[in-house]
Amino acid sequence: MTAPANFNGARPVIDPKDAAMLLIDHQSGLFQTVADMPMPVLRNHAIALAKMATLCKIPVITTASVPQGPNGPLIPEIHEAAPHAQYVARTGQINAWDNPDFVEAVRKTGKKTLIVAGTVTSVCMAFPAISAVQEGYKVFAVVDASGTYSKMAQEIRLARIVQAGVVPTDTAAVASELQSTWHRDDAQQWAELYTLIFPPYKLLIESYAKAQEVIQKNEQLDSSRA
Amino acid sequence: MTAPANFNGARPVIDPKDAAMLLIDHQSGLFQTVADMPMPVLRNHAIALAKMATLCKIPVITTASVPQGPNGPLIPEIHEAAPHAQYVARTGQINAWDNPDFVEAVRKTGKKTLIVAGTVTSVCMAFPAISAVQEGYKVFAVVDASGTYSKMAQEIRLARIVQAGVVPTDTAAVASELQSTWHRDDAQQWAELYTLIFPPYKLLIESYAKAQEVIQKNEQLDSSRA
Amino acid sequence: MTAPANFNGARPVIDPKDAAMLLIDHQSGLFQTVADMPMPVLRNHAIALAKMATLCKIPVITTASVPQGPNGPLIPEIHEAAPHAQYVARTGQINAWDNPDFVEAVRKTGKKTLIVAGTVTSVCMAFPAISAVQEGYKVFAVVDASGTYSKMAQEIRLARIVQAGVVPTDTAAVASELQSTWHRDDAQQWAELYTLIFPPYKLLIESYAKAQEVIQKNEQLDSSRA
Amino acid sequence: MTAPANFNGARPVIDPKDAAMLLIDHQSGLFQTVADMPMPVLRNHAIALAKMATLCKIPVITTASVPQGPNGPLIPEIHEAAPHAQYVARTGQINAWDNPDFVEAVRKTGKKTLIVAGTVTSVCMAFPAISAVQEGYKVFAVVDASGTYSKMAQEIRLARIVQAGVVPTDTAAVASELQSTWHRDDAQQWAELYTLIFPPYKLLIESYAKAQEVIQKNEQLDSSRA
Amino acid sequence: MTAPANFNGARPVIDPKDAAMLLIDHQSGLFQTVADMPMPVLRNHAIALAKMATLCKIPVITTASVPQGPNGPLIPEIHEAAPHAQYVARTGQINAWDNPDFVEAVRKTGKKTLIVAGTVTSVCMAFPAISAVQEGYKVFAVVDASGTYSKMAQEIRLARIVQAGVVPTDTAAVASELQSTWHRDDAQQWAELYTLIFPPYKLLIESYAKAQEVIQKNEQLDSSRA
Amino acid sequence: MTAPANFNGARPVIDPKDAAMLLIDHQSGLFQTVADMPMPVLRNHAIALAKMATLCKIPVITTASVPQGPNGPLIPEIHEAAPHAQYVARTGQINAWDNPDFVEAVRKTGKKTLIVAGTVTSVCMAFPAISAVQEGYKVFAVVDASGTYSKMAQEIRLARIVQAGVVPTDTAAVASELQSTWHRDDAQQWAELYTLIFPPYKLLIESYAKAQEVIQKNEQLDSSRA
Amino acid sequence: MTAPANFNGARPVIDPKDAAMLLIDHQSGLFQTVADMPMPVLRNHAIALAKMATLCKIPVITTASVPQGPNGPLIPEIHEAAPHAQYVARTGQINAWDNPDFVEAVRKTGKKTLIVAGTVTSVCMAFPAISAVQEGYKVFAVVDASGTYSKMAQEIRLARIVQAGVVPTDTAAVASELQSTWHRDDAQQWAELYTLIFPPYKLLIESYAKAQEVIQKNEQLDSSRA
Amino acid sequence: MTAPANFNGARPVIDPKDAAMLLIDHQSGLFQTVADMPMPVLRNHAIALAKMATLCKIPVITTASVPQGPNGPLIPEIHEAAPHAQYVARTGQINAWDNPDFVEAVRKTGKKTLIVAGTVTSVCMAFPAISAVQEGYKVFAVVDASGTYSKMAQEIRLARIVQAGVVPTDTAAVASELQSTWHRDDAQQWAELYTLIFPPYKLLIESYAKAQEVIQKNEQLDSSRA
């Protein structure tokens, strides 16, 4: 394969109207094994995905791998940020796509474009992504909202999913493909969402507001008060 | 000097009853210049200091360097986390200790032990710290709640303040010296505070709670439900 | 090529029933030349592969490159962990696939899916992997159980094997594709196996057990004993 | 201070006959927060310390910080490797030296030289180390058997303990100061111990043995068999 | 796709006569979010692109994403270095290719080969690049004149654009494909341009000139004057 | 020594009225050997020192090590930025302080506080710095305006000069100690100077100006024009 | 393309009998711009290629880009190690393949497999490699014997040459494909050659020889002499 | 201590006339455990020390730790480069200073200044260095000609030896303190020696010679021949 699968030559981008989001195994225990990026970055990216799904009213399906064991519970922020998300319990399958309830939940969304993230990248994200490609879905794998046990494992995985026809993407690109334009009523909410992905963006907003306030309120520089 | 200054042979640790905290120039613009640690880490450490001062009722003095200019405003979380903090405006002095109002505010706390953090480390933290040592204060410089423009600059600065008799410290150590024991009513608030310094601590708390809940609620492992 | 070779459009994953494992040149001397990952990590990954082959009763073939010389002996843990492994001595060939005994041993397993790891990646893993693709095998190359002399060499090699139709993979993914589900009697052995791949997993298991024991034995927190 | 404290001009090295070892808070939960070195490296170093104490019959005192909570249990290998170690429970004190039972246990060893390691370095190792210096002990802090939340925190801590008169050391140096000579009956056990500190040492031993075996058994090079 | 798109088998290189350059969203605010390379390096690369377009008389189109907000203004050097560049304002579209004025400006150049750079890589460079491929352009994406929020995001993006048929390139390669030969009258200007891409090149030129001057002016070595 | 030498207990800071600056061996050839920081960063720091000396009218003495040989010429920007600098040719001495003309030039400034930078740190900066301390000067060594052949060499050198009583410092701290306050007529020139030390400062100034212009000119956001 | 070009389905490996080697622009000046690997590593790899060409009697063609200017002379070891190499002077062309003499020299070797290395990777290696693919050659690009100005540029270039049908490879793999077997008379020379690629291999040979000598000469351990 | 020991206020530099060099345990096996710098760099630095001792006729004493075992033989280049070096066999002592023959050999040189390097830094260099300080020697420890098992161990060791009064130094500084001036007959040999410490220095020499040759031989630029 290696070309983006199932696009039939169309521009390989996300159509927000056709998209469902799968957030797989973002669990407190598994997060301890993540070493390809700082864990708080991963946590923020996963939350950002949930938030953008809510902003765009995209269906979200979550699942966890034996959360009663050492893998630990799903991080709570995902369902907080996407209250409409549907949780599907598995019965031990490592590949979520091997669980019929999960596949059925995906099918019922009626969407053919899947945005997939999962921890660990190598397994929980990659296996369902590759499986879904085989069944005709257009699959976007959000590599930096997934997390795995080494940078090398992440690089290997990137190569493998591309080889299988999955479109690799990052959290910022998903946000921007879904948002599409700043000319929308919820633009401010998107700006806040980007602060989860680009932390300096929060500083930019703060500095921008202050710089304008100085003019608006006619503030004097402290150093000219001396 | 190089020995911890002004301890006269006493154990060189923080006495919470004798301590005041100086948080200097943690501004949105200056934060963009920080390169010795990820900026969000610095931001969390500065917030953690403000929170622990509140938990321990330690006086806090803040100040900013020309916040009407490109240096930008103080990050808002500091005064939110330490509502009792006193802000002292300067009139252009780079070394806060060169501003008489600032020195007077410190003096009025009646404390002789100063916990100092400031951005950039090289200047805004180090100059007042070195100045205060000369005037008889016991000074603890929180290097990883300060932030500067390169790792090398941070290392140079660490060497310089030690040479001048300042006690170098990190955010976690300040927290633990102030907290002293887990046998206290606000132990839970301290646990939450540590999640700002050690992000995996949040995962530990989540996994711990879930593991106990599984026993308490007699939950079955998903994988044995199959 | 560049698409996974010899799958004829089927889902490019490992079928444990059709798989044989080739562990090539994991020798004490060659391990000293490895620089793309910490050597103990590589050693653990190679051992983990041997263990999972044993758990799944997958045939294993090992070989070594002139172990009587500076390349040194095979690390002993591989045959310890996979006592059923068959060792094939070569007569100087660098590409194990150039040795007729080796190819014959592979052929006799009757398997068409090969899981290949070898040190150094660039040579001992890659040459047989590329050769096997040409002869119709489905080949999975376990890049992080191989090891080579620089990170750059590893990246180059990853690109080359993908170009040749090999499926790149990592140790964790091989484990999970072979294990398939936690709903199996040997689940505990798999959990232990993952501690070789994700060292923090051992901590998770320890902390999980203790957290549950505290409830089960009704232990008091030390800090509330004071 | 900054000079090694309490040596009164004597060579600042460990006298094995006068030494006790303090292993503080090496707990499964706290290990998840360690980021200044790979956790498995820290784990091996802590185990190596316990082993060398056993080889040299040095008293060992262990303790843990609220092991019933998220900090988790002591890693089991320490008491396995040093069965003679004495565990002292605390009642919430963060600085083990604030616990009278702990100080008393140290006193009872009758030793005046302390080898101290603890997680996290910034707190659990540094506070007792600095406290003990004040009470006249010669203190060696094993920085790379301690572990803390950032490389920067480790560097800051190194500077602080040196400033306070603690002698900073590493796991290998402690081993070599205790072992002193290879001319001893347990030399082989020391060689094995070093494989925990220098993992390539295991490869050296394996390659060395094989190279000698080739001569002793008159083995032919595989490449000359062709 | 994955092969370079729209070349129809021709050598996939830049034909300077058929090329237009698109410089997208190189803005002072967005530059603060860049973390895959040092920002001054990115700034120099963007300027170098503008300069080489001027040297080769290649049309340049610039645009910015809401420069009145926190994203900030275009860095001024781009239009200074390429005074012939045409600026196209957008009306909020994140993908410049979604803005009809922008597409029309590209079309009007009459060129079918596009050299594209933009910040952030993941979005502002990649979206137009992928879009243009779909409309038949030969697209060269200058990854190291773009800049994004993490090294991982850059690597993901590289994989995605290659998958989509974009030709990935770097600033030096664009310069050399455009320059083609040192046998040209403006060779000296190209040498200076390379100092923006390879900073040591400036040292080479300085040392080279001095070494020749020593001969030409018959200078004595200072050390032989003693 | 290890305490800052020759301060006799006074605050160990730079008194601009008593300071001379020594810029030693910043040569194009030697710059090629620098590996403890990116060379362009070193170049900017050296230029920044020259500029601040000019702003504060501090005497500057430069020298070079056999610039007629492979060490190459002084970088030209230093004398451009400090036209008042005095160049002293040596006759082969590696330690500039071994050259009587150099020592005499320093003596003639009448200053007792020396700000020293030189490439390579290990030699050209450190030797004169240590020598000057012995002759009663207060010496500030600007480690990140010096440059040496490895990060390790830089760290070793930092330790050695501190041990010898030199005050280690960084370029930003020198600037701020000399500038002292933003309440001065040349404040804008200092702001520009900091852009050489903190490159993001340039972005801050650009974004700040644009944010204020938007208010002052009542500009509309592009995204609200749609 | 993206599959290895011009193999027509044959195993994509080097046939030593059909190979010529092109070593392009390994010049002292250009080497100063290399930042994707330590320059001495690159130098050793280039020398190793020349040596293996000599061992295998493979034709070598060298060329340089304006060696009379700041790019500097070819490093001398290449022609020393491959005395049979043919040097082709260019007349300013950046892409060596644009020089008719160079192309003719390649053609005259009668070989259809080209092993190409050049500095900088992005230009001097990549342009001829891509050009040769178009003219029907099987091209192996030795990425880690080339060298370029940033790790990112190297990664981009790897992607581009793979996209163009070039086979990416590393120095070790070229050596092993050419050597093929240890069962050859010049095996010792190959072992020495590998010490240029894997420096620890030299240690292995030294330790191996000593370990055998101890047995052969019946040496006593120093530690048992005590 | 922490001040340089045994200088009694004199300038803490090496007096070549009073210096002896101790090169301890630079063995092929131990070199495999080195991880604080690339091993070939360490090897070059050790060789450089031997060469400069020969150039300055400084006595050299070498020794090895059980070279008949896995630690391996001394690297041969040391005695090749310093044929006058005296080898002292030990009888198992880890600290060379515990061996009476070694101490006696040092004493017999009649020198009071010792330049010490040894692998591993933590043990073989540090223990004799600290011991010698106690016995009145001025000791210079060449940290980057020593080598140890982690960067952290190197940093800890640097702190410990400084605390003990040893002067830390690097290979380049030792060379320059011994050489003192370029105005000497063997200047060319020193230039060559520096190429072992600063590998780019070799490029500088090559480029310098070529640049001058172009003038001297009136060579035309290739690009103007076109």
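To keep things simple, chains are lettered A, B, C, D, E, F, G and H as they appear, and every chain counts its residues starting from 1.
Operating definition for what follows: a contact is a pair of C-beta atoms (placed from the backbone, for glycine too) under 8 Å apart; a residue touches a chain by one contact, two chains touch by 3 or more.
What you see is a predicted model; the values in this text were computed from it and never measured.
J.: Which chains lie in contact with each of chain F and chain G?
T.: Expected: E, H.
J.: How many degrees of rotation bring the Cα atoms of chain B onto the matching Cα atoms of chain D, given to the nearest 5?
T.: Roughly 90 degrees of rotation.
J.: Please identify which of D-H, A-B or B-D repeats the interface of G-H; the criterion is that more than half of the contact pairs agree.
T.: When the contact pairs of G-H are compared with those in D-H, A-B or B-D, A-B matches.
J.: I'd like the Å distance between the centres of chain B and chain G, where a centre is the mean of that chain's Cα atoms.
T.: 53
J.: Counting only Cα atoms for the centres, state how far chain C is from chain D in Å.
T.: From the centre of chain C to the centre of chain D is 33 Å.
J.: Would you mind pulling out the distance in Å between where the CA atoms of chain E average out and where those of chain H do?
T.: 46
J.: Could you list which residues of chain E touch at least two other chains?
T.: Within chain E, residues 2, 29, 32, 65-66, 69-70, 72, 91-92, 155, 159, 181-183, 200, 203-204, 207-208, 211, 214, 221-224, 226 contact more than one other chain.
J.: What pairs of chains are touching here?
T.: After working through each pair, the chains in contact turn out to be A-B, A-C, A-E, A-F, B-C, B-D, B-F, C-D, C-G, D-G, D-H, E-F, E-G, E-H, F-H, G-H.
J.: In their shared complex, at which residues does chain H touch chain D?
T.: 1-2, 29, 32-33, 65-66, 69-72, 91-95, 98, 120, 122-123, 126-127, 130-131, 134, 148-150, 152-153, 155-157, 159-160, 163-164
J.: What residues of chain H sit close enough to touch chain G in their complex?
T.: 28-29, 31-32, 38-40, 43, 64-70, 72-73, 75-76, 89-92, 199-200, 203, 206-207, 209-211, 214, 219-226
J.: Please give the residue numbers of chain G that touch chain C in the complex, ascending.
T.: So the residues of chain G touching chain C come out as 2-4, 10-13, 36-37, 41, 143-144, 154-155, 158-159, 162, 167-173, 176-177, 179-184, 191, 197-198, 200-201, 203-205, 207-208.
J.: In the complex, go through chain F and note every residue touching chain A.
T.: 181-183, 187, 204, 207-208, 211-212, 214-216, 221-224, 226
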